[in-house]
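Below you'll find the structure I mean.
Should a chain be cited, it is by its letter among A, B and C, assigned in written order, with residues numbered from 1 in that chain.
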Amino acid sequence: MIKEVTNPEEVEARIGKLRLLEALLFASADPLDEETLAARVGPDVPALLEELRAHYAPRGVNLARTGAGWSFRTAADLAPLLRQEEEVSKKLSRAAIETLAIVAYHQPVTRAEIEAIRGVTTSKGTLDILMEHGWIRPGRRRETPGRPLTWVTTDHFLDHFGLETLRDLPSVEDLRAAGLLDSRPVLLGLGGLADDAPAAPAPDDED
Amino acid sequence: MIKEVTNPEEVEARIGKLRLLEALLFASADPLDEETLAARVGPDVPALLEELRAHYAPRGVNLARTGAGWSFRTAADLAPLLRQEEEVSKKLSRAAIETLAIVAYHQPVTRAEIEAIRGVTTSKGTLDILMEHGWIRPGRRRETPGRPLTWVTTDHFLDHFGLETLRDLPSVEDLRAAGLLDSRPVLLGLGGLADDAPAAPAPDDED
Amino acid sequence: MATSRKAEDAIRDTEGASEPVVAPVAVSDQLMLVLDGFEGPLDMLLALGREQKVDLTRISILELADQYLAFVAEARKVRLELAADYLVMAAWLAYLKSRLLLPALEDEEPSGEDMAAALAFQLQRLEAMKEAAAKLFTRHRLGHDVFARGAPEDIDIRRKSVYEVTLYDLLRAYGEHRKRREGGVLHIAPIRLYSMEDAVRRLSGLLGHMPDWATLASFLPGEEGGPLLTRSAMAAHFAATLELAKAGRVELRQDGAFTPLYVRSARHDRDGDAGGE
C-alpha cells in the first residue's frame, strides 16, 4: 500500500501532503469525506489516509472511518480512562432507544411499521428526540397508498456509534438471515397498526 | 530529556501514559495545565509532554504550550494552506430559517405570500441570503395583477438537507406525529356560535 | 393493598399514552403487582414469554395466552383499570385460544396455527430489536467513550456548509411557525348566548308594561340572532320569570303541560304603576 519513493523531491512532496492531510483532519471535529480531502490534498488521498491510519493505529488518537468520512478520534481502548458521565442516554427513554434500533435495522421504515414491531403507538417526541440528536432523518416516501414517510439513520448515527457502514451494525447479518428484519405488520387487529396515511393529504406536495 | 528505559513493563506503562496524555490533550476544548494532566496521568507528565512535543514537532499537528497550558494545534507553517477557503461558519437567523422553511413548504410562493404566512414583513436581505447561498431561486411569475415573482427551492437545497425530492419533506401530519408540532388545544364546547360563523377562517394551505 | 393502589394510579396516568405502562406480572401461580414500565401489551407478552424459560421459537402460545388472560382477569378482579390496548390484546388472545382449541372450520383464514406463528414471530422480532438496541448502546460512543477533537479550529473546508443549518433546524422552524399560527395564543371567542342575568335585567325593565296576562314568548327578543340565540333566550327568559316569581315581582300561569306560559306583573308592581285597582 505504501509506495516506495526514493526521489528526494517526491519524498518531500509526500510528507507535505501527509502533514496537510493530518492538519485538515485534526482541525475538524466532524468527519471529512475523501472527495473533500482530495480537492485540497490531491488524488492520492486514499493511500495517504491508509498511511496516516497505520501511523496513528498504536497511538492514543486514531484515524477512524465512520459513515461517509474520516476523522481523528480518541482510541477506543482508552474509553474507561476517558469516559464521561452519561448525559445523552440517561435522557433517552426505553422507547427512544428501541425506536432507534428499529430505524437502524429496518430502514427505511415507516412510523406504522415501527409501531407494528413495538406493538404500541409511538408517543410524540420519540422521533423528535432521535432527530434532534442527529441520528435519524426522513427518507423517501414509500410508494404505497398514503405515501407514508420513511425514516433512516444519518451519517452522524454511524459516527456516534463508531460504525463504518450499516453492515457493521451488531448481528445485522444474523438477524437478516433469521428473517427478523421483516418490518411488515403481521397481526391484524393487534395494537399499533396505525394507518400510515396522514389524516389529511400532505398540503405541500401538489407540484 | 527522554529517559532511557529498558524494563519492558516500564516501557509499556510509559507508552500507556503517553497514549492517555495524547487523548486527553486531543479531546480537551481548552489547553490543559501540567497540574491537571499530572492528576490524570502521573507525576512524570513534564517528561512525557516533552516526548510528545518532540514526536509531533515535524508533523502537521504540533503540541504547543500556550500560557499555562498545553494543546494540540495545526502546524503554523500550514496556516496558508488551511486558510485557503476559510469561512467562519455562521448561524442563519431565525427569520431566514423560517422563511426558507416556508418557501420549501409553500413553493412557488411570492414575497407577499411569505409575509402573509409569517405575519411579518420580510426584509430584503433575508431572501438575498437564501439566494446567495443557493437554496432558493426565482421561479415563474405569478399570472396575477402585478405579475409578482415567485420563489422556489433549488437542487442545492435538496442536496444540503439530504432530501432526494421535495416530496420527501415531512408533511405537517408527519411533523405532528414526530412531535415537532404540538397540536392546538381542542376546545370542546358549543358547536355553533350564534351566527353559525366558522370559529376562524380556514388556514390558507390546508387544501 | 398499597401496591395495587399505586399501580392503578400509574396505569390511569399513562392511559392513552401507551407508554410507559405499569402493569402486574404473573410469576408462577401468584399474581404479583410490580411497578415496572411495560411498553405496551406486546412488551408485556414478551416478558411473560421469557418466564417460560424456553427459546422464543419454541414458546407455547397457548400457555402464553392463558397467562395473559389470567393476568387480565386478576387485574380486573382488583379493579385495576387497564389501558385499552391491553384489553384489545386480551380479546385477540381469547379469540386465538378458541381458534387453537376448537376444531378448525373449513375455509377459515388464517388458521389458528398461522395466527399463533405470527404472534411468535412478532415476539421474536421485538426481542431481537431489544437485544440490538442494548448492543448498540454498549458500543463505544462518540462523546461518551470516544472523543472528537475538543478544540476544532475554524477551518471549514466544506464550503457548502458555511451556514450551520440542519434539516432538523428547518423542520423545527416550520413546526414552530405552524404552532404559532395554530394556537400560540388561544383566543376563546365570547359565547354569544342569552344569560339568565340578561333576561332578568330585560324583564325587569318590561315589568311595568305587562299588567295583563301575556305569553312569555311575546316578551322574547327578535330572531335576528339566529336559532341558537333564540333558543337560549327562551331558556334564559323562562328561568328569569321563575326567579322573578320567587322574588314576588311577577305571577305565572300555565293552563296545562306544554301550553303557553303566561306572565304578568305582581299586584304591587301593577298597583305602583297603574295607581291601584
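We adopt the following convention: a contact is a pair of C-beta atoms (placed from the backbone, for glycine too) under 8 Å apart; a residue touches a chain by one contact, two chains touch by 3 or more.
Computed from a predicted structure; not experimentally measured.
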Most remote chain w.r.t. Subunit A, using mean C-alpha positions, is C
Higher number of C-beta pairs in contact (B-C or A-C) found for A-C
Chain-centre distance (mean CA atoms) for subunit A and subunit B, in whole Å, is 17
Taking each chain's centre as the mean of its CA atoms, subunit B sits from subunit C at a distance in Å of 38
The distance between the C-alpha centres of subunit A and subunit C, rounded to whole Å, is 38
Listed in rising order, subunit A residues that touch 2 or more other chains are 24, 26-27, 40, 72, 74-75, 82, 123, 131, 137-138
Multi-chain touching residues of subunit C, meaning two or more other chains, are 147-149, 153, 155, 157, 166-167, 171
Per the touch rule above, subunit B residues touching subunit A in the complex are 18-24, 26-27, 40, 59-61, 72, 74-75, 78, 81-82, 84, 105-108, 162-174, 176-180, 182, 205-207
Subunit B residues touching subunit C in their complex are 23, 26-30, 71-74, 82-83, 85-92, 94, 97-98, 100-102, 104-105, 117-119, 133, 156, 159-163, 170, 172, 175, 180-185, 187, 189-190, 192-196, 199, 203
So, in the complex, the side of subunit C touching subunit A is made of residues 17-20, 37, 39-43, 85, 88-89, 92, 115, 118-119, 121-122, 124-126, 128-133, 135-137, 139-149, 152-153, 155, 157-158, 166-168, 171
Touching subunit B in the complex, subunit C uses residues 147-151, 153-157, 159-167, 169-179, 181-183, 186, 188-189, 191-193, 225-226, 228-229
Per the touch rule, the subunit A residues reaching subunit B in their complex are 18-24, 26-27, 40, 59-61, 72, 74-75, 78, 81-82, 111, 122-129, 131, 137-141, 147, 149, 154, 198-200, 202-205, 207
